[in-house]
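Multiple structures are listed underneath, in structure tokens.
Below are two complexes that have subunit A in common, paired first with subunit B and then with subunit C.
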Partner chain A sequence: MAVTLTPADRAVTPRPPRPARDRHHRGASRWIVLTLVTLGALAMLVPFAFMLLNAFKSPGDYSTGGPLSWPSEFYTKGLRTYWTEVDFPVKLWNSALIAGSVAVLGVVVSLLNAYALGIGRVRGRLWIVGLFLLANMLPQESLIYPLYYVAKEIGLYNTRLSVIIIFTVIQSAFGTYLLASVMSTFPRSLLEAAALDGAGRWTVLWRVVFPNLRPTLAVLLIFFFIWTWNEFLIPLVMLIDNSTQTIPVALASLQGDRLMDAPTTNAGSLISLVPAVLFFLIFQRTLARGITAGAEK
Partner chain B sequence: MALSETVAGPKRPATRPQPTASRRKRRGGAGYWIYLLPGAVLFLLVIGAPLVGTIYFSLTKWSGIGDPTFIGLDNYRNLLQDEVFWTSFRNTLAMIVAMVVVPTVVGLVLAAVLFDVIGRKFRPRTAAALRAAFYLPQVLPVVVAGIVWGWILRPDGAFNGLLDAVGLGALRHDWLGDPHTALPSVMAVMIWVQIGYPVVVFMAALQRVDPELYEAAEVDGAGWLHRFRAITLAQIRPETFVVALTCTIAALKVFGPVFALTRGGPENATNVPSYFAYYTFFKKLQVGYGSAISTVLTLIIVAVAVVFIWVQYRSERQDRGV
Partner chain C sequence: MGRIRNLVAAVAVAAIATTTVAACGGDDGGDGSDAKTLKLWHYESANSAMGVAWDRAIQIFKDEHPGVEVQFERKAFEQIQQNAGMIINSSEGPDVMEYNKGNATAGLLSSQGLLTDLTDEAGKRGWADKLSPSLQTTARYSDKGVMGSGNWYGVPNYGEYVMVYYNKDLFDKYGVKVPTTLDEMTAAMDTFVGKGVTPLAEAGAEYPAGQLFYQLALSKADRAFVDDYQLYKNPVDFHADPLKYGADTFADWVRKGYVAKDSASLKAEDMGTAFISGKAPMIVSGSWWYGRFKSEIKFNWDSFLFPGNKLQAGSSGNLWVVPANSKAKSLAYDFIDITLRPEIQDLIGNNGGVPVAGDPSKISDPKDRKLIENFNTVSQQDGLAFYPDWPVPGYYDVLVAGFQGLINGSKSPDQVLDTIAKPYADGVKEITGK
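Up next is the complex of A and B:
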């Protein structure tokens, strides 16, 4: 998570650690603080270390040496078993297709909603925005049974499309709330200038508003993607077979299965975590900015 | 909050629809409604109608097959006498401690230390790396994290192995299998999952605090704790509100980790309303009863959200001296 440094930070950092000039922190205490925080951070990583250590251990090795022993051989059969048994590439594609579609569609719907609310300032927008905000907070249990029932009736049950539609709406409820408040501060002069040039609303949206909001929309896109990727309850209920399930659902539905001995559990978890960690590394800069943006709203 | 900013809007006479010729120059034309149409239709289909459906089903007895039988408020009456229902909401309080109280308090201190001490006295890059370690659990699918933790806390799992290794083998335990230790164990996992979120939000918030405030306080001889209370806490109050609200809602809704760690067991020791509702819907096939649980949970969440937003709105008004 790289942060943009404020000028104040830059000015302070190059200063060599000279205790004499440090008014309130003597040399030792800041090292103690660093040590404590580093220990805390390492403790956060311990579960990952446990997982890595046991993902490459054979079941025999595990039962004789226990969970903390160093593997006697680099054992990859657990990984391969999990990969082939759950047909991991299919799960990866399902997760990517669902999260990717939701991210794009969710941003488009949010943009259209927010254009009417933030720039169009339609009547009653306070209530509409409040409604979207509340909708985003609803427990999914309060929607799931009717969604499940209707999906079965109209043949959308156990399709990725059902999950895509549902999450497009749920995510865009948050996106509408966020973008409406961003757009309500959009410079009026830009809109008026475009209107004077004869641009219609549709043109203003795509030629004036959209380019100006692109950074915010990018953050929203990434958020929607990751949130949808990590969703569980609705995919668990809606997607019941091997060809439609997402990565987390596939792992959870094998829990307690005979296949899942300790090394395979760890190997399966490891494979399932890798994409999320990769997104995190790829998008960390945008995310750091986005979390700030979200918090200020 | 953005909500307060838009309050005055609907009352303004200028927003009333006017003859079409001059509409484009006006601020609120009826023509903008068209942009809301796709979103509104989807919203009604996926959120509005199902919510109404759940509220209706909560007044019926239904197994999901055939027709629901209307029974009025019977489900709610039964809920009040259902031990599991009360247990699940008591456990929600434990989740609020683990997902809101502890992470917010620890997050404030950690963020301040990372930003103020480590970011300034060492390289900011060190602070960023440490922050990433705290934030990492937040990016993982929480169910997958739950499965890893479920294995760690198993009788033959890594935690007991660790106890053995440091000579505390006498403390070996079936952490998730014993009703007495299951809830504290789930709470510990949730703290681990949640802690990074406040750290990241608060660190970002601290960047917009004017460094001169700290310098002035330092010159005046204020100690670190004093500055933390007087400046840090006061300056990042809006973010603290947002974190407390979003984490409380998340704690009320928590499902995945409970599903992965304990399935609400043993003996409902870790059951929470959302898992209880899921189980009632799909395992016991009592759709009416499950709908009643969901409806109660929904009402609580809406009430909590409204109270939070109202309190924040008021404190903002006070700040502005209104």
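Up next is the complex of A and C:
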């Protein structure tokens, strides 16, 4: 992750203001790099192009022509079938609720944890951070049965709350690890100055640390949202009613025992992808604003 | 898929560990004849034969039970496949649901006490008389969860079997007749090869290759072999007929070009689309393709039973099961009973499915009728031989790996038989303890 490589404030700056002299440094190597990057970007877009192509193809068309052929008609029934059959608005709301709550809660918990570990410098913090990392590396498969059992015993099985709690913990394990290492490089002089001004721990967190970390937190928020949005296994196990399920689980309902319906699956993926992409685009702007705001100070 | 398999294994282990818990919680379901809701789950798509027929069954149920609310939910296959044990071990589960037949699924749950014993109902309501013996095999499970004998834990509604689908237009074009014996089939394929057409589309990366091998083996097999292989009555020798014949013939077919070498890496979907697009004259696969072929194929096509075989790969379809925690058991029995009525069974048949108790004379489309007549023929002569990957857990991957090697020529038939013999023996030992 790029975020860990540089101090937090710079980490998310997409384009640092380019000095004018760069103009004179153009050489062949720049073009080679540009070509490679363009090719790489195009290669990344190929799967999306396929999805788009096949989302508007009728099943018969797909079976006869294969995934590469140009659709003979503009077929939207796949999209409509998916929308109505899985009751998409409900799933969208569930996914947004779960991913949104997890993103916000996860960032808050990470921030508080990391403040104690990175700036508070509690005893044995290395081990605690290591433990968090370990929790993050555990495969979800090994967690699933204990989680199911506990959720069932305390009556949270088949509720969205159970998934929100689980993912808040899982995501904040990573968040804590990341933020704790970022905060351990936080300029001490800034903290001391604040302490001299008579700021307590709480004030230091909200007035000094938080504003400086805001861009990093925004990135975390976006990651948590998208990771949680795409989660499949735990929602699949914990959410059994159609009224509580998320989009990835709904998408799985298109895959049958022995048969698959490729065009409808593509159509479903397309609809399911749009909200996450929109979310990213919107927050990308907020992110940029946050950075400029920081720069003015 | 690896992740998912691991999960299934982990869940299975954990579920066995808590069997005692499950057994304690199993009795509070009661008869529930005064229940006012029926929670019903299945995972067939709305426009499939079963989806259509069962919608009608729900309607009939509602008409006959005024005042009872039916909470129907269509589920993802994968969700039921992976989580059924956890779901029905909680209070959030359904009262009646569709579930996969077989030892690793319905058998496992029944041995854990999570499913209701339906033996009494099967006798009382005449389900036992409607289903032929080879269909009942997948409905009954021993206390170890091995199918074939013991109590009823599920009721099948539809059947499935492996057949040969063929492209009539291509058969006419090359002057090939529908074969009735294996020799005629070989001759027909020679004709195609002679004209530069690969006669048989195959898929080495998924179930089709294993099923073709099994069909070939079954041409030399009898019911005793099936009982040995599937129900562990006696040890199976992989280096003797019929399995040896199956592997040798398969290798022969690859060598002669009946099956393309590059199909080793293809998936079932690729095989199906090769047939739908009219490139392949024949495929050997199951009745689950039928509905899709009917709606998507534009040329003339039809099907015939694998020539010469008395035994065919096939079985009952998935089962209706009643979880032990069901709060409306008697309503669940009523619903299952409705799905076995002639009206619903004929509806399955008329929508391109294979009813278990269907009457071909009630089926209007001639192609549909033939599908069902063929199934009834197989079922009545006790000819359903199940599937090659059923006997032991995890055997599907073993078969895929083995026959991929056979198709691409990296393994000889003997080597393939070696690779598939050991996991089978180990698995059977695990189950029977012998």
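Just so we're on the same page, the second predicted complex is superposed on the first by the 206 of 297 C-alpha atoms of A that agree within 3 Å, B and C clash if a C-alpha of one lies under 4 Å from a C-alpha of the other, contacts with A are read in each partner's own complex, and residues count from 1 in each chain.
Basically, contacts are C-beta pairs under 8 Å (C-beta built on N, C-alpha and C of every residue); 3 or more make two chains touch, one makes a residue touch a chain.
Since this is a predicted model, take the numbers as computed values, not measurements.
Novice: In the overlaid three-chain picture, which partner chain does A:N212 touch, first (subunit B) or second (subunit C), both, or neither?
Specialist: Neither: A:N212 stays clear of subunit B and subunit C.
Novice: One more residue to check, A:F279. First (subunit B), second (subunit C), both or neither?
Specialist: The answer is first: A:F279 touches subunit B but not subunit C.
Novice: Of subunit B and subunit C, which one touches more residues of subunit A?
Specialist: B
Novice: If you stack the two complexes on chain A, which partner ends up touching A:L112: first (subunit B), second (subunit C), both, or neither?
Specialist: A:L112: touches subunit B, not subunit C.
Novice: What is the contact status of A:R123 with respect to subunit B (first) and subunit C (second): first, second, both, or neither?
Specialist: First partner only, subunit B.
Novice: Considering only the touch criterion stated at the top, classify A:E85 as touching first (subunit B), second (subunit C), both, or neither.
Specialist: Once the two structures are laid over each other on A, A:E85 reaches subunit C alone.
Novice: Just checking: does A:V237 make contact with subunit B only, subunit C only, both, or neither of them? Give me first, second, both or neither.
Specialist: After superposition on chain A, A:V237 lies in contact with both partners, subunit B and subunit C.
Novice: One more residue to check, A:N158. First (subunit B), second (subunit C), both or neither?
Specialist: second
Novice: Let me test your reading of the model: by the given contact rule, A:F50 touches which partner, first (subunit B), second (subunit C), both or neither?
Specialist: After superposing on A, A:F50 lies in contact with subunit B but is clear of subunit C.
Novice: Just which bits of subunit A does subunit B share with subunit C as contact spots?
Specialist: 66, 139, 141-142, 144-145, 149, 233, 236-237, 252, 255, 262
Novice: Which bits of subunit A are touching subunit B when the two form their complex?
Specialist: 1-6, 8-9, 12-13, 17, 22-25, 30, 33-34, 37-38, 40-42, 44-45, 47-48, 50-51, 54, 66-68, 109-110, 112-113, 115-117, 119-126, 128-130, 132-135, 137-147, 149-150, 165-166, 168-170, 172-173, 176-177, 180-181, 184, 192, 195, 201, 205, 226, 229-230, 232-233, 236-237, 247-248, 251-252, 255, 262, 265-266, 268-269, 272-273, 276-277, 279-280, 284, 288, 291-292, 294-297
Novice: Spell out the part of subunit B that touches subunit A in their complex, as residue ranges.
Specialist: 1-3, 5-7, 9-10, 15, 24-25, 27-36, 38-40, 42-43, 45-47, 49-51, 53-54, 57, 64, 110, 113-114, 117-124, 126, 128, 130-137, 139-145, 147-152, 156-158, 161-162, 164-165, 192, 195-196, 200-201, 203-205, 207, 211, 218, 223-224, 238-239, 242-243, 249, 252-253, 255-256, 259-260, 273-274, 277-278, 281-282, 287, 290-291, 293-295, 297-298, 301-302, 305
Novice: Give every residue of subunit C touching subunit A within the complex, in rising order.
Specialist: On the subunit C side, the touching residues are 3, 6-7, 10-11, 14, 18, 43, 45-46, 73-79, 82-83, 86-87, 89-90, 92-93, 100, 207, 268-269, 272-273, 276-278, 286, 288-289, 292, 295-296, 298, 318.
Novice: Under the stated contact criterion, what part of subunit A meets subunit C in this complex?
Specialist: Where subunit A meets subunit C, its residues are 59-60, 62-66, 85, 139, 141-142, 144-145, 148-149, 152, 157-158, 233, 236-237, 240-242, 249-250, 252-253, 255-262.
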